[in-house]
Amino acid sequence: MGTEIRVQQDDFSVADEYQQLAQESSCGAVVTFAGLVRELAEGQLDAMTLEHYPGMTEQVLADLVAQARGRWQLGQVTLIHRVGRLALNDQIVFVGVAAPHRKAAFEAAMFIMDFLKTQAPFWKQEHTTDGSYWVAAKDTDQAAATAWQDD
Amino acid sequence: MGTEIRVQQDDFSVADEYQQLAQESSCGAVVTFAGLVRELAEGQLDAMTLEHYPGMTEQVLADLVAQARGRWQLGQVTLIHRVGRLALNDQIVFVGVAAPHRKAAFEAAMFIMDFLKTQAPFWKQEHTTDGSYWVAAKDTDQAAATAWQDD
Amino acid sequence: MVKVKFFAALRERLQCAELDIDSQPSDSVAEIRHRLLQQHPSWRRELLDNDVLCAKNFTFVDLQAAVNPGDELAFFPPVTGG
Amino acid sequence: MVKVKFFAALRERLQCAELDIDSQPSDSVAEIRHRLLQQHPSWRRELLDNDVLCAKNFTFVDLQAAVNPGDELAFFPPVTGG
């Protein structure tokens, strides 16, 4: 029933993380989410830089996982977020949740991602052929996080 | 934007399936669900046999994925269900969904699993030290599938 | 003639996986089931169980569904995959 | 003395990542921000932007939060990770 949180420049292996999540013999459900750097709607994305607030980031992520554990019965939870310069198609973020029941595994993974998007101090800067731009926060992300408060 | 559906005795590799799901350059979100054979609450599970209705199974699974595509904008969807004799800790089922947005990827994977549980003609027989028993259907699975109709 | 299949616990209890049975063009699932019970009276309790599901040609149907010669019917307990 | 950090677009626009500023035991975040603006009047538009978030010692706080010497304050735009 461990929690693993990593903020790192290096890439991660979903295969390795899944192996670890699937090891817990009481957990029949493993849900993983991976977020990847994709082409912009308008095209022309060359790369992305992810800045974060060292110290606060780890604390917020640990708090998100603790909150999820308060809501659902969970086994292993793994949360990885990359920082630094990322290229098109690179992996950015990974959430893996093992749980006895699938509903808990799915909901906890969604909950962690929804709150990560609005609470964890990461900022994306996109490097395009037209220059570099800081990504604006999305209202839909705020709405997704707020929705959990009505549960 | 392919759909891959497999009903097979052989094991599957979440690593390989994830690789395929992550290839689609328009999809920034990849959600996977894996279900595994776990010890019973009372203990003493030796193995499990999964029976299915060949012909109908594939049709129901294809229909579930088609329904999910009608509700959400999805990329690659992979759905694998094993049949035959499975041992403790074996993988049973895999759902993988790539989508442009994480909410769609999460919800489609949950939707497919919820309906698979109540609509796909698979039956589990558990082999325990006390004998073999057909698993009873769960009311909670029926409730999970019904909940989508209110959306 | 329609093909009738049974699965899982139902197949085991009836000790039958598959059989052929005569049918008329105007038959319903209920009528086919009635004919099955005439031939196998001991199946009554299992086959009339409210939980038993029915599929015609790989699609769930209810007892009122029309069955035509050449169709495949299947009766089985609630599903438990995933 | 409190340490003040700025991140992302705010760091770039203020051209400042980190500075130290005098503080009193009874200061609030609003008072620290006021003192920052006295020292750097050109930061007014950026630092008073309603969207700017504040954290004290790695936890989100509002403008009324008490700030003590030795605390670390950070101001930054809405987060966009994940």
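To keep things simple, chains are lettered A, B, C and D as they appear, and every chain counts its residues starting from 1.
We adopt the following convention: a contact is a pair of C-beta atoms (placed from the backbone, for glycine too) under 8 Å apart; a residue touches a chain by one contact, two chains touch by 3 or more.
In UniProt terms, the chains line up like this: A, B = Molybdopterin synthase catalytic subunit; C, D = Molybdopterin synthase sulfur carrier subunit.
This is a predicted model, so every value here is computed, not measured.
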* Asked: What is the shortest path, in steps, from chain A to chain C when you may only step between chains that touch?
  -> 2
* Asked: Quick one: chain A and chain D, Cα centre-to-centre, how many Å?
  -> 26
* Let me have the rounded angstrom distance from the C-alpha centre of chain A over to the C-alpha centre of chain B, please. => 23
* Structure fact -> Cα centre of chain B to Cα centre of chain D, whole Å, reads 48
* Could you say which residues in chain A touch two or more other chains, in rising order? -> 35, 102, 113
* Asked: Multi-chain contacts in chain C: which residues touch at least two other chains?
  -> 82
* Which chains are in touch, pair by pair? -> A-B, A-D, B-C
* Structure fact -> In the complex, chain D touches chain A at residues 5, 7-9, 12, 51, 55, 58-60, 74, 76-82
* Within the complex, which stretch of chain A touches chain B? -> 14-15, 18, 22, 25-39, 88-89, 91, 100, 102-103, 105-106, 109-110, 113, 140, 144
* In the complex, chain A residues that touch chain D -> 35, 50-53, 55-56, 59-60, 81, 92-93, 113, 116-125, 134-138, 141
